[in-house]
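Both of the next two complexes hold chain A, though its partner changes from chain B to chain C.
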Partner chain A sequence: MNILEVRDLKIYFYAEQGIVKAVDGISFDIKKGSTLGLAGESGSGKTVTALSILNLVDPPGKIINGQIKYNGASLLDLDAEKMRMLRGKEISIVFQEPLTALNPVLSIEEQMYEMLLAHRRLSKNGCHKIVIEYLKKVNIPSPQKILKDYPHQLSGGTRQRVMIAMSLLLNPKLIILDEPTTALDVTIQAAILDLLMQLKEEMDLSILFITHDLGIIAEIADDVVILEKGRVVEKAGTLEIFENPKNDYTKRLLNAARFLEVSPL
Partner chain B sequence: MRLVFKQKKIIFGLGLIIIMIALAIFAKFICPQDPYQINLGEHEKLQPPSFEHFFGTDDLGRDVFTRIVYGARISISVGFIAVLISLLIGVLLGAVSGYYGGKADWLIMRLVEIMLCIPTIFLILMALAFLGPSIRNVMIIIGLTSWAGLARLVRAEFLTLRERDYVLAAKILGASDARIIFRHILPNALSPVWVNATLGVGGAILIEAALSFLGLGVQIPTPSWGNILTDGIYYVDSAWWLMIFPGLFILTTVLSFNLVGEGLRDVLDPRLRK
Partner chain C sequence: MIEAKRLKKYFPVERGFFRRKTGEVKAVDGVDLFIGKGKTLGLVGESGCGKTTLGKLLLGLLEPDSGEIIKEKGLKTNIVFQDPFGSLNPRMRVEQIVTEGLKIEKRIEHLKRSAERLMDTVELPRKSLAKYPHQFSGGERQRISIARAIATKPNFIVCDEPVSSLDVSIRVQILTLLVNLQKEFGLSYLFIAHDLGAVRHMSSTVAVMYLGKIVEYGPKEEIYKRPLHPYTKSLLLSAPTPYPKAKKEKVLLKGDVPSAVNPPEGCRFHTRCPYAFEVCPINEPLLMQYSTNHFCACHLHQPKSNKNI
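Our next item is the complex of A and B:
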């Protein structure tokens, strides 16, 4: 059973200098309850792919071909209001840099309430309860304390935890993580990854994990899609990719990663 | 916030503004005399300043100080309400223009350009000639003619802010356009708006005074700083107090609004900090 099916997706950017084929005919599936790793270097089309799932590709970019099916329903045919209701509630995204993804002039509490109120009619008290519950879920030790804080007053790890809590507030089924740990240092990265895996079990999530770090993919993904210049170069189970890469580009990526792993100090 | 009160300009300007507003609100208690009380006695009209009449009396024997204090009500409320109207229009149009872009943006910006290329004072004079002069019309017309610069300012802020990640994040989490505009972007765009609005209050007071001086603003006998000036025009060489005092009040009030506006700009724009 697939929660998301992407077929022959093409996203072109119409710039003045010509057409940029950011995504050029990619297809992949995410099985319900599984984690798909989407890997590739910068500019290979990872983030645009993620945005296209929620129909958030802005001009000059345009989805010119393909199908995106969520639980069997085509997402690209939804009208704006239905799409808006789906965002956050069924599918949500966590970004790479939590400092820029949080609004600097709203307190944590205000931003999280906003998110809830965009979808549900709730009293302030109701909001408060849910927000506290989810902040506890992402292992923030004393959630009461940070509610009135502004994003710049929190540490990077806490900010990313807040972002994750926020994206889970409405119990989405699919969560897209766009390099969620790149801006964090290694120990916090490990803690966040553990947390994500634990939440995935707890909340029965399916995950699309976007990264350029093959080490993370090895750790958490069930299947892997390798992108290069907007095309899928290889698609397989995680073990298979690491043990027996077929494509040249994949081999080079893996070698680069291995080289870093064994390099002595 | 602490920085705001470290600025001498702001403290000085704000102090004066508060005094003016207090004068306007408590006019009845400060001046027991009636601003409309005409007294044509030979020893009552055109009297120079004395203890009995701080700023002297005018050609109809009315106490100038009383009239100026009551005039503060008109002048300051015209200033604030006109700016409020221009804020409403300017912020809304600027936000729509900057956030949506495209055709809406094109249309609104052409409208702004049209507004900006007609000299405001002539536009106002023309509108008042049609609608007839009254306090209400003056407020509305000043408001309706002064939003263009503000709309441009807000649009420029929105153009940069709409590309921020947190706006995308809000969209991803399903926020509606209205929520994104008013809750997520607008609070980030407000600092230049406050500066502009504060300076705008001073500007509006000045325009009101000019209009009343020309006889197109607040109508006599209702006192406003502008028409007290007009009353004095025939006695420029004999009764100096009729023009000096209302002039000083206009000057101080506009100056204090400008000081606060400039002070705010210094605080809100870190690049201007020394």
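Our next item is the complex of A and C:
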């Protein structure tokens, strides 16, 4: 059973210099309860694909063709209000840079309350309880201490934990992670990846994980889609892609990743 | 070629209108290192550990508070930065960029020839010289930065995360170029990185830095095969590997890197170390020698001697 199905998706950008075919006819599925790794280098169209699922592609970009189905229902046909209700509640997204994704003038508490109150009728006390519960879920040791903090006062790792807590606040079924650990140090990255896999089991999530790092894909994905310049060049189960890559671009990426890897002990 | 002894650089933290000094960032706190001719020292550490400050000290871009830098006679230095977007002047043509450092010592007619030769060396077409930085990809821009760095014929280059912002396939090309240039011109490098990936291909010796201190230092083979410090082990084991079946036993560290303003007492790593015991928060471990040129600062190990780097 697929939680998300993308068919022949095309997203073009109408720039002054001409049309940029950022995504040019891609199709993929995410099986319920699984992690799909969407891998590609810069300019492959991976981020804009993520944005399109929540209808967040801004002009001059435009979805010009294709179908995106969530649990069988078409997302591209939803009106603005229905899409707004779906964001966060059914599907949520975590971006690479939590400092730009979080609102700099609201405290952590304020932005988390705002998110809850947009979807649920809760007292201040009720909000507080839920926020603390979710900050604990993402292993923030003393959540009380950071509630009144502003995003810039937190470390990169803590900020990303807050982002993840926010994305889970309304118990979504599908979570899109767009390079969530790329801006972090390796030791922090390891802890966050570990946390994400734990939360996936605990909350029965499906995950779309977008990254340039095939190492991360190997560790966490069940299936892989390799993107190059807006097209899918290869898709398969993770073991299959890593042990028996068919496409030349996939092979090139894999060789580069293996050349640069930190050798296992 | 270049040697540092007990190098220290603290930055004051100032607050309020009267800029009262409220603390110090101990960016580099007593570092010894040595880089031989034609060799590369890989300097690895996470953000805020002081690795870039250390690079700047070696280049003379910052004055150390104490300690000394011993340079071989005739040492000429230069730097390649991480960000090939921010480090090239967008209003200059490539020809101007790469020959800027030559203008004091060469006549105009020679500059064009030098610029062309530099393009050949970094494997860019000569017609690139007439273009502006924004017309190039990240990898090409990094080649331009490298051309600029070698233009003045230096023998020591600080490469400050030169491939971190590039796509993986481009990284390999730039690293290969740096290795080839090293062989061709006998360059010495300080290669700064935030993980142990690229360093493996670049360095003969590796230094691992944590909160202003070198915690482990040794020949590459030793560092990768027989790491001693728990932080080095964690850096090695934290990095995801592109082999789905490899089940690595991870050394997950607790919490975040503490602030360098008030680094933890005793061993600076003890707050995150999974093996910390009674003495770690009390006594600061010294960098001790374990085998030929392999040094480590950790209470878990019994050293053979306490010779300096």
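Here is the rule we use: the second predicted complex is superposed on the first by the 261 of 265 C-alpha atoms of A that agree within 3 Å, B and C clash if a C-alpha of one lies under 4 Å from a C-alpha of the other, contacts with A are read in each partner's own complex, and residues count from 1 in each chain.
Criterion: a residue touches a chain if its C-beta (ideal position, glycine included) is under 8 Å from a C-beta of that chain, and two chains touch if they have at least 3 such contacts.
If you're wondering where the values come from, they're calculated on a predicted model, not measured in any experiment.
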Clash-or-fit label for the pair chain B, chain C on chain A: fit
Which of chain B and chain C A:Glu5 touches, first, second, both or neither: neither
Superposed model, chain A: greater residue contact from chain B or chain C: C
Partner chain in contact with A:Asp29 - chain B first, chain C second, else both or neither: neither
Degrees between the directions from chain A toward chain B and toward chain C, using C-alpha centres, nearest 10: 90
First (chain B), second (chain C), both or neither touched by A:Asp185: second
Which superposed partner A:His212 touches (first chain B, second chain C, both, neither): second
Partner chain(s) touched by A:Leu253 [first = chain B, second = chain C, both, neither]: second
First (chain B), second (chain C), both or neither touched by A:Glu114: first
Smallest distance from any CA atom of chain C to any CA atom of chain B, in Å, after fitting: 7
Complex interface listing, chain B residues touching chain A: 164-166, 168-176, 179, 183-184, 187-188
Parts of chain A lying in touch with chain B, wherever the complex brings them together: 54, 56, 84-89, 92-93, 95, 97, 100-106, 114-115, 118-119, 163, 166-167, 170
Residue ranges of chain C in contact with chain A within the complex: 46-47, 138, 167-169, 171-172, 194-198, 200-201, 224-225, 227, 233-246, 248, 250, 252-253, 255-257, 272
Residue ranges of chain A in contact with chain C within the complex: 41-42, 141, 155-158, 185-191, 193-194, 212-219, 238-239, 242-243, 252-254, 256-265
